[in-house]
Structures are given as structure tokens and as C-alpha cells.
Amino acid sequence: MRLLSYFRGEAFQRGIHPPSCKLTAATPIRRMPFAPRLTVPLSQHIGKPPRPIVQVGQEVVRGQPIARTDDWLSVPHHAPATGVVEAIDLRPSARGPWTQSIVIRVHPGATQEDLWGEPRDLSGATPQDILQAVWDTGMVGLGGAAFPSHAKLSVPKQAKVHTLVVNGCECEPYLTCDHRVMVEEADPLIVGIRYAMRATGAVRTIVGVEDNKPDAVAAIQAAIDRARGTTTEGDIFVEAVPTKYPQGSEKMLIMALFGVEVPSGGLPVQLGMVVNNVGTLAALGRLLPSGRGLTERVVTVTGPGVARPGDYRMPLGTPLSFVLEYAGAPADSRQVILGGPMMGQSAATLDVPITKGVSGVLVFKGDDLAHREGLRTFPCIKCGECVESCPMGLNPSQLGMLAAKREYETMGGQYHLGDCFECGCCTYVCPSNIPLVQQFRIAKQVLRERAV
Amino acid sequence: MTPAQAKNWDEFMEGIWRQNPVFVMVLGMCPTLAVTVSAVNALSMGLATTFVLIASCFLVSVMRNVIPKEVRIATYIVIIATFVTVVDYVIQAVSLALYDALGAFIQLIVVNCIILGRAEAHASRAAPVPAMINATGMGAGFTIGLLALGVVREILGAGTLFGISLFGASFQPWVIMVLPPGGFFVLGAWLLVFAWWERRKPGADVAEVTQHA
Amino acid sequence: MHESIGQIVVSALLANNFVLAMFLGLCPFLGVSGKLDTAFPMGVATTFVMLVASLCAYGLNLLLTSFHLEFLRLISYIVIIASAVQLVEMVLKKYSPGLFRALGIYLPLITTNCAVLGVALFQTAREYDFLQSMAFSFGGGAGFTLALVLMASVRERLQLSDVPAVAQGTALSLMLAGILSLGFMGFAGLGG
Amino acid sequence: MNTQAMEIQATPTAAMIRTLGIVSTVCGLIIVGAFQGTYTAVQENKRLATERTVFKVIPAAKSIVEYQAGAGGIQPVAGEVPAGALKFYAAYDGSGRLAGIAAEGGAKGYADTVRILYGYTPDCRCVVGIGVISMRETPGIGDKIVTDKDFLANFVSLDVQLNAELSGLAHEVKAVKHGTKTKAWEVDAIAGATITSRAVGRAINDSAQALLPKLVPHIDKIRSKS
Amino acid sequence: MTATIEIRTAPHIRGPRTVERIMRQVVLSLAPICAFFVYQYGLSAAASLLAVTLACLGTERLFARTGSQSGDISDWSATITGILLALSLPPGFPLWMGAVAGFVAVALGKALFGGIGFNVFNPALVGRAFVQAAFPVSIAAYTPSFLPGRFTEFIPSSLAWPLMMPADNAAWLHAMHLDALAGATPLAKWKFDGVLAGAGELLTSLSGHMAVGPSPLLILVCGAYLALRRYLDWRIPAAILGSAGLTAWILFGFDAVRYPNPFFMLFSGGLILGAVYMATDMATSPVTPRGMWVYGALIGLLTVVIRYYSGLPEGVMYAILIGNAATPLIERITQPTPFGVGEARKARRAGTYPLHPSYISREEAGASAPKKRIFRNKPKRTP
């Protein structure tokens, strides 16, 4: 298998090729108008939520900080629109439980220009200064994980970073927001990359883009050529990698680009690398020089039957119901997914807002689900499809059988459950229709609880 | 029936039914599977084992107060081995053909867990008469078990029962029944039948439900 | 007529596997084959005891035949096997505590393992010489271990299956042993 | 645990030895009694079994005598058969004349060794019958060597004459494929049971190769019942 | 948007493959083989296929009704079992024995363990091994192929009364002026009579009255179709044929007189059928890629050993059964190495950028190479 994937020139071993369904790849990014009310949850990222610094009834200006914290693994939030703080209380969130949120009633006729923030010169800034500036923008990983960007860009003392890897794979079917960002905002991306290189001390940057997006590769290459001579930080390259799910996982991308495995349980920084999403860096490239905060992001709204699918630049906090109405979701929608179809979450209600980590809104109709619902679930027939698709080289078949008998300890200790990052390949390919990933999530949760 | 008789009857039936060494306790498997290719062999083996069982239990019971704890197992084994040797010679004297058919398994009665188990668990604590009654029950249970196997294997494997042809000359024997796998299968099938029967009894459902919950 | 050492080993290991073809040592086979972690040490311990017992029985038989005391064979064999197991236990305890801890709990079980007595009786009945006896007991022990390990690994897997409630337990083990035995029938005549 | 250990210590060694001694004595008595009591019956059984087989392979026989053939000729068996010597049975008819000789042979069959007894008649220098002593061949296939009439017909007159130097058989006895027997020393195998058939052929051949060169030169010594 | 929305967990899309689809594809690929089998042996073969398959389906239905089974006849797996079993039996095998084989295959080989996916042994082979042991005479009674009148007349042994001995085919064959031995399989002919069959006959089964099973070439083609569509794993047949061929070739090199050539080894008997269709049964073969190689190599080796050295002419069935039994053990030893757990591998071709020389060493990164043990994945005893 290893030999075969070598000869095929495959990026990494195993993985799957789901139909890409990138309906919106050629549509330019459009702006979405303000919803009447925007809901900004305080907890939008990994780490502690910040404290609100505005009161109910206070007028806020788009771009003005409304929540702030000193906690390292936490970022400030900025008002996504000019308006009045209507409430600070519990609102539904995508994950289910209601969370503390700031609700802003948007002024009619408010502009989408950012009115807060002053331009600054970062040409002589130290890495520490840049990190602080990144922190101030409230930036988190826009690829979906929503890990605070300043934390990701900061290098531990004992480690040394030589390469910045920029993740432009966007391997999830349907999603095209990163793709459009790369095509349309290649120049800000280069700017963002240069800041990131200075922050991390990397001497070169490689942008990895899946080879099903040649226009993105060309656009970035053009931007690199334009920037040539002005950069002082080091070389920037763009590289097409073979299309495969889950290439967007940083470990898989590093495997594809360098042919090395990130040690199990380790981080890329152990190999001297830092990985960032293209969307994040492009946004940084725009926000850092102007000194503004993150108030909007590009979200793919798509799905079979959506009337106006496309990539929309939408203010954070826009309620899902508004998004769907604007994009023309079909009346018989039965499932709304935040994120991609492989790893995204089902929205529990349409009141939940778009947050920093949402990269797509995917709508399925009843017909699309009927096929899946009609499938019978069999016991594992040991066809081995999952073993051949698990990018982490686990044995989902065995893990699934153990999970069915609640042998969680064995799964964790003997079969490396901890390495599973829930990409969903095993469940996608399983002919027996076993909810493998779902079982693994439960198992990991149980193990985590037992460990405490 | 007087209470004493009832108790004796109970002791006797325990080995035949509730603690049947073959079907319930699944002990003494080696002879059970090896020699039951025909009903005659099964019966002889059962009787030989029963004899050893009764005789050893009697002797153990008689001597139970003299035997020190530390050497009791050794003593039991010596006693059992003695009676096995006796049986060995008796069978040789009665029929050489039978002796050949049972082969080394007569001598292997020594390590049959049933006998040592009975000697240790029952005879060493009971008076000679109850010990013998219990042993007889066990032996009878063992013999019945062997016979159940032997009858099935002989009927299917040779079309005969105790050497008498049942289906006429053109019967197709199922050779597998007299081969090793057949022994495993027939005993397994008997156990399945018993398990199925047990579960049909009222009350089994409740146990099942709680097990699944 | 004269069987070579290799033939004896192969025959006892596969074609006439102690457990699957000769029904010897079934009690531990059914009892200890639930887990692979215990099955393998048990097999090794049994093989070791079989070798020792075979050695003792060979010597004893020489002694008994020279005094024409064949009728004491069975009783002396069983006594010597019981003592051999005790001896092995004591020696291991003294000189290899690690091994003793690994095998210790199995050793008493082996005394009543008919495979051990079977080796002694069969080697006498077949009039094997010293080397043949050793080969026979080694092959038999290895065959016992092989059957035990195969059985244990299959049963471990079946613990993850939804076996019908009726079939759970000894019945399933016996059926498995039967199918394994069917498979081993293919080796019939091997070494001939 | 401790009290138990104390109790164990409590039994004096002498008592243990005494008990074991008593048990051994009792058991010994029982065993010896059984051995002695059954000895004659067992020997009688064994003799009868042997005679029955010998009479089967040599139909004319009425009585038998055990002989051994060694380097120094042939003599009646007394006690142990020495190494290198071969045991055989001389069978005599009602008038005391030698009816034939029966000897054992064995060869590896399909499952285990097939042991047979074959009858040899010096008059025709051929095998006149076989009987199976022990085998574990597949029932229905291998065990046809006992019942298959065509196969048994091979052994009514199977040529085992010696070569000119009397050092071995003139022609090797060999089982051939079913239906292809052409020579008197060939054994026509049972269709489907070739391996067992071959084992029988080999058993006769091996035994005859070893026994007959030692036996035939001295055959006159046992022509009549002594 | 008025309809209520539903909550599900990721992934929200699914691959097209289902158990029924896999099984249906296998049945489809078996169809040409069955057709050729019927063409070779006529009425009896058709009746045998029908009887065995029906017995399997009936048994499956019976046990499915008890509620203890994970599948049903609608998943096609019992059909596969029936067809494979029938293909592995002689065409003139008495129908009642075929039904017994079918019953045993499903009852003992599958229902006992809980149905599809849980069986430890290939059900078809359990059934085959059972009747091989039970009726050794009938199962060795092959009849020549391409007999005249095969479409109008049954082979006499087919129509035996239940539980009764079948008629001997010898007289029937004799009436057709065919030697009684014409019915021996090429392997039996070689083993007992030292006659080697020709290459063409073996490959296509088309010429003469050879008593061979379905054509190996046809099976290979059908298997290749399945393998290309990834309905069976190509590694197992490759490993079996490779190991059997290699072993046979080495032995042939040692003693070309005693051992037949490897070509004969590969294409005679049921090796191809076993390697392509029987050993690849998903539930009973390892799921790990490395395990598949080990499993296949074991089966190939055992097949040759049994064919050469044991009393039987054919050993594929036993080899696969033993391979099945060893599968859990093989799987345990050959668990895949998780990503990032193995030792650092050299940059491969796909890796476009070699790592910068100044990157921190693996030791500093805290990555440690795991120790190798016999049972690699043995749980660590943690207090």
C-alpha cells in the first residue's frame, strides 16, 4: 500500500475522494447585508470567553471592541455593525447549549465600512509586537478549528521554526470560501504571510493548494511575483498538492508537502513548522496594517436546491435564518450544517449566529437524506474499507467493534483512539452503515471524563 | 418416602440431572468425546468410570478421617489410579476387542476431573453410604451423557444402534460422526439443545431481559 | 515402521493434534482459551511439563519393565507426574521467580491435564525410544499450544460479536473446536 | 491464613507417612489382586485373539506355535524375543503338518500405522490371506481393506518367492492403480483408497523382505509339529 | 423555511457502497462461472446449484426468524454461500447431501456466530469440509465434463434418496465407454497415478472429458472484475497464488520428478476458486493490509504442503479454514501503524520540499520510536 501510494505520487496514505460538489467555485465573493439584529457569542473559539466591555443600551460602532480579556488563550471581539447593544444574555449557540452573547440592534442604513481602528506601521515591529497586533484583531483560525491565531503564531522558547505552511487545501466538499479568498485576495494573503513569517521567524513559506483549484494557484503565484523584491522575510512558494480528503488537516498537508509524519500527539512546531489557514492570513493581511478588528468573514452558503449559492462576506453574528433567507434556501430544507459535510455540525435551530469559525452553511433537503435513512445497518463485515481510508492509520473496524461492546479503555490504550481527529472517512466509506466516528466521539468523551 | 430416602434420592438425582457432569458441568471431556463413537463403547466407558467413581468415593469416605489434609490429593490420586488399574485388567479379561476400542482412555480415567472432584468435594466429607449414592448418581449421569453422545454418533455414523442395523444396508453413513470433529459437533449440539430448553422454561425471559438491560 | 523424529513431531503437532484429533487436554483447552494473554503461557507451561513428564515416564518405564512390574505403570506414572509438576513449581520458584509468577497459577491445573498423562501412556504404548519420546511430547505440547492460541484468538474476537444467547458458552467453544478439528483433518497423513 | 498454616504444621510427619503407607499397601494389594485374578483370563483372551486372526489368514490351520527367526536360525519363542529376531507363528493343520506361517507387518497408512497379519504358505511361496490387526483409516474408504472382496482376492495367492540368492524377494510386492494389476506380485489397489492399499502392500513387502530370507532356508525344521 | 430541521452528526454525506451492493456484485460476477459450470456438466450441475443455494437460503431464513441473526436473505450473503458451495462440490454430488452441506454451512458456519459479519469461518467451506468428512466417497466421485446427453439426463448419483447411499457412477460411465477413472480430478490423477494434466485443459477446462471444476481463467476474469471495482481485495488472491506458486516452484526446482510444475499447482483443483472467492470472504479474512499478505501467504503455503505431503489430493479448503482460524491472531499482530507513531520515514517523492537542515531534531521534539515486541499492541499493564 505504501509502495503503491508512492508510485501513484499520492500526497499521503489512505484518505478518500468524496464528490467535490464545489458549486460555488466560480462565483465571486458577494457582500451580505446586515441582519436587523446580530448576535455575538462570547465563546467563539477554543479557550476562555472574554468579558463584555459594553453595557446594554450602549451605542457601538462597527469595529469597536465589545469584549476583551487578558487570558492568553482568548481573543477580543469587535462589534460587527454600528448599532445599539440590545441585550447581553444567553442565546442559542451552534453547539447546542445557550451561551452568553451580545445582541446588537443594527442601525438602519449602517455602513459596512469599518469605522474603528487606526492604521499603523508595522515595518519595524518585533515578533512580539506583531503577535500583540494579531491578538488585538481578535483573529482565530478561520478554517474551522477557531484556535486563537496569536497563540498559533507564537513559537515556544525551546523550538525553532523554519517554515510557515499555509493551508489552502479546503478539502471538504461543497466549501469554496478559501478558494475564492485565494483567487480574489492573493495580495492581502501575501501581506499576511509576511507578517506571520516575521512573527514566527520562518525563513520560507509554502502555500499548499489542492490541484483542483488551478486558478487559486495561478493567482497566488501572480501575487508572489508582484511582491518579489519587496519581501525581506524570505521565499514564498505556492505548491499544488493532489486532491484528497482530508488534506486540510495540517498533519496530512505536511505529509503531502514534506513527506514527514508529525509525531503522534505532537504539533507541527516539533518539526519546525507552523501551519495557518489561507483565510486567516488573508484577513490578517487586511486587518493588521489598518489596525482593525475581525468583524466579518467569508462563508460559503450552498447545498442542493439553494437558489443563490455563493461565497458571502457576512458580518459575524448574522443569524442563520437571515443567511438562508438571503441565499434562498428551499422550503423543505431538513438539515442545516455549519461547516463542511464531512466534519461540520448540524445546527440545532436557525437562531444561531455565524461565528468566526464557521466556514460554510450547507443545506440539505429531505430528498437528499432519504437515501441515507433507507440504509440498513449491518454488523461490521470486515471489508477493510475504513482501514484503507483512515488517514491516521488506525483500525476503525476494530475500534468500532470495541466501541459497540463499550471497551473504551482498550480502544484508547491499545488501538490509538487518541490519534483520531474525527475526519469521518471511515463512516463515509462504511458499507455496513455503522456510525463509526459518532461512536469514537462518545468513546473519546468517556475516556476524557474517566481521565479527570 | 421417608425424609432420609428423599435425601438419598435427591443426592442420586443431583448427578443425573442438576449437576450432570457431561451436560451441565462439562467435565471429563476427553473420554466423553474420544470413546463415544458407538453406544457400546460409551456404555462400557460410562460403567467403568462409574465403578471407579463408586469404589474410590467409598474408599475415600471410609478413610476420610485418617487422611491428613496435606497429602489428601496425593492419596486420592493413588486410590483412583488403583481402581483404574483394576478396571483396566478386568476389561482386558472380559473382552480384548472392547479394550482395543477404548484404548488408552481407560487409563485416562485417572485424570477425569469428575472423580477427583467428587472425592474432594463430597466423599471426603460424607459417610460411606451417602458418598456412594452420590457417586452412583454422578456415574449414572456421566454414563447417560456418554450414551446420549454414543447413540447419536452411532446412529448417524454407522446407521446402527448397539450394533443392530436400523436403516438397512443402503444407508449412507455420516463418517464425520465417528471422526474427531463429529464428537465436538454432537456434544455442542446437545449443549445447544439443553440451553434452548432451559431458555424456554418460564422465568428465563426475565433473566434475559435483565441481562440485556 | 520406524518413525523419524520429524515425522513424530509433525504428526503430534498437526495431523494427530492432541486436542483436536485425540481429545487430550480438553478441560484446559475449553477453560483457559478465553484470553490470548493466558492461553499462550498456559500452552508453554504445559509443553514444559509434558517434556519433564515424558522424561520421567521414560526412565520409570525402563525401571518397571526390568522388574516386570508393568501393572504398576499407571499408578506410578500419575504419581510421578504429580511430583514432577510439584518439582517444576519449586524449581521455578527458586530459580526463576519471574517465570514462576507468569506460569505459577497454571501449574497445578496441569496435574489433571490428561494430555500430560496421555503423552506418558502413548509413548509407552508405541514403544518410542528416548529421542522419539521427547519429540513426541514436544510435538504434542506445541500442538496443544497451537490449538489453544488459535482458539483463544478466535474466542477473543467472538467476544466482540453478537453471538446468539443460546450458543454462548461451552457450546460455542465446542463447535469452534469442531470446525478447527475439521480444518486440521486436512493434515491427515502428513508426515507419512 | 495463619491459623491454617498452624494447622498444617500440626499434623506430624510420621502420621502422614503412616497414612500414605497404609493407603499404598491397600492399593498395592488391590492392584496385585486384580492383576493376579485376571491374569489367566487376559492371557487366554490374547491367545484366542491371536489364534482367531491366524486361523483367518491360514484357513487350514488348527493350532499355532510361536517361533522366532534370528541370525542363528529359527527356534520356538521362550520369553523375550531378542533384538534383531523376528517373531512369527507357525500354523499346523489337524494332522500336525505345517499349514502355513503367519507374520505381522505394518506401514504408515492415511491416518496412522496399518498393522496387518499375513499368512504365508511355503508350498506355493505365496501369501494366502491377510487380516488387519489395527488401523485408524477413514471409515468408508480406508477400512475397505477389510471388506472389499476384490481387494482381498489379491491375497489368495500373492507371489512372494525369494530371488536366487535367497537374500530378498524376487519381485517387490507393490500396490498398483486399481484395475492395472498384471503380475502375480502386484496388489490391485482399491479405487479411492490408494494410500491404504499401498500401506498394505508395503507392510507385506517390508515384513517379507526381512523375514523370509531368514525363514525359508530353515523351513524344514518346522515342517511338522514338534 | 417552515419544515423543522434535524440534528445529525458528521459526516453528513456517505459513500455509495453498501453491504447489499457488495454482495449483489459478487453474485453477479459468479453468474458467468455458474453458467459455464452448467454448460460443462448439464442438468445435474444446475440441480446441484439450485438445491444447495435453496438449502442455504432456507436455513438463513429459518435462523433469521429466531431474531438472533444480524442479516437476512435479502442481503444476498447466503446466496453467495450457496453458489460457492455448489461450485466446490462435484456436479454429481447427491442432492440431499448438497442440501445437508447447505444447511451445515449456514447453521454451523454462520447462524451459530450471530449471522453476517460475525462468522469466523467461511460458511461455504464449513459446509464443504463437513460433507467432505461425512461423505468422503461421494465427494471424491467426480464425473467427466462435456458428456453427451448431459442436458437431458442426470448423473445417477445426483438423485439418491435422502439418507441413502447414492448409486455408483461407474456402471453408468461404463455404458458410455468411459473408464471409471476418467472421473478423477487432475490433482487426484497426479497424486495417485502420477499423471499430469495439460496446461490448456487446466486453464480453460474446455477440452476432453476432464473432471475439472469451473475454468480457472473464467474465475480469474470474474475476480479481476471484482478486484478492479474494489469489491474484493486483490492482495489476498495475489498473496495466495504468489506463495503457492513460489513454494511449488522451489520444490519443483529441488526435485522436478517428484513435484509437479508450479503451473499445474496453481491451476489445478480449487486453488483459483478458493483464492479468488473463498479466501477473500471479507468477514473471515484480516482487515489490515499487512495481515492480508500474511494470511494469503499462509494459505498458499499450507495448500501446497497439504497437497504434497498429506493423504489428501486437495488442500485449499483446509488451508483456508486454518487461515480463517488464524485471522484474529494475524490481525492482532499486524495492526496498522498509526500516523506519526512509526519511525520517521525518509522524505518521499510526493514530498516536494525537503526539510530545512536547521529544523530541530526528532529527539528534541520528544518523538520516541516504539519498542518492537512479538505482540506489538499488547496492552501495557498500568497500575
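We call the chains A, B, C, D and E, going by the order they appear; numbering starts again at 1 in every chain.
By definition in this document, a contact is a pair of C-beta atoms (placed from the backbone, for glycine too) under 8 Å apart; a residue touches a chain by one contact, two chains touch by 3 or more.
Keep in mind it's a predicted model, so treat the numbers as computed, not measured.
Peer 1: How short can a chain-to-chain path be from chain D to chain E, counted in steps between touching chains?
Peer 2: Shortest path length, in steps: 1.
Peer 1: What is the set of chains touching both chain A and chain B?
Peer 2: C, E
Peer 1: Going by the touch criterion stated earlier, list every chain that contacts chain A and also contacts chain C.
Peer 2: Shared contacts of chain A and chain C: E.
Peer 1: Find me the chain with the mean Cα position closest to the mean of all the protein Cα atoms on display.
Peer 2: Centroid comparison flags E as closest.
Peer 1: Of all chain pairs, which one counts the most C-beta contacts?
Peer 2: Result of the pairwise contact count: A-E comes out on top.
Peer 1: Among the chains, which has its CA centre at the largest distance from chain A's?
Peer 2: So the farthest one, by centre of C-alpha atoms, is D.
Peer 1: Approximately how many whole Å separate the CA-defined centres of chain B and chain E?
Peer 2: 40
Peer 1: What's the distance between the Cα centroids of chain C and chain E, rounded to whole Å?
Peer 2: 32
Peer 1: I'd like to verify one number: the distance from the centre of chain B to the centre of chain C, where each centre is the average of its C-alpha atoms, in whole angstrom.
Peer 2: The answer is 22 Å.
Peer 1: Rounded to a whole Å, what is the gap between the Cα centroids of chain A and chain D?
Peer 2: One centre to the other, that is 86 Å.
Peer 1: Which parts of chain D, given as residue numbers and ranges, touch two or more other chains?
Peer 2: 27, 31, 35, 110-111, 138, 140, 195
Peer 1: Which residues of chain B are in contact with two or more other chains?
Peer 2: Within chain B, the residues that touch at least two other chains are 74, 78, 81-82, 85, 89, 175, 179, 181-182, 185.
Peer 1: What residues in chain A touch two or more of the other chains?
Peer 2: 379, in rising order.
Peer 1: Taking all chains into account, which pairs touch?
Peer 2: Result for touching pairs of chains: A-C, A-E, B-C, B-D, B-E, C-D, C-E, D-E.
Peer 1: Write out the stretch or stretches of chain B touching chain C in their complex.
Peer 2: 26-27, 29-31, 33-34, 73-74, 77-78, 81-82, 84-85, 88-89, 104, 107-108, 110-113, 116, 179-185, 187-188, 191-192, 195-196, 199, 208, 211
Peer 1: Help me check something: in the complex, which residues belonging to chain B touch chain E?
Peer 2: Those in contact with chain E are residues 167, 170-172, 174-177, 179, 181-182, 185.
Peer 1: Where on chain E does chain B make contact in their complex?
Peer 2: Residue list for chain E touching chain B: 97, 108, 130, 133-136, 138, 160, 163-166.
Peer 1: Name, in rising order, each residue of chain C that touches chain E in their complex.
Peer 2: 15, 36-37, 149-150, 153-154, 156-158, 161-167, 172, 175-176, 179-180, 182-192
Peer 1: Report the residues of chain D in contact with chain B in the complex, numbered from low to high.
Peer 2: That would be residues 7-8, 11, 15-16, 19-20, 22-24, 26-27, 30-31, 34-35, 37-38, 41-42, 45-46, 48-49, 134, 138-140 of chain D.
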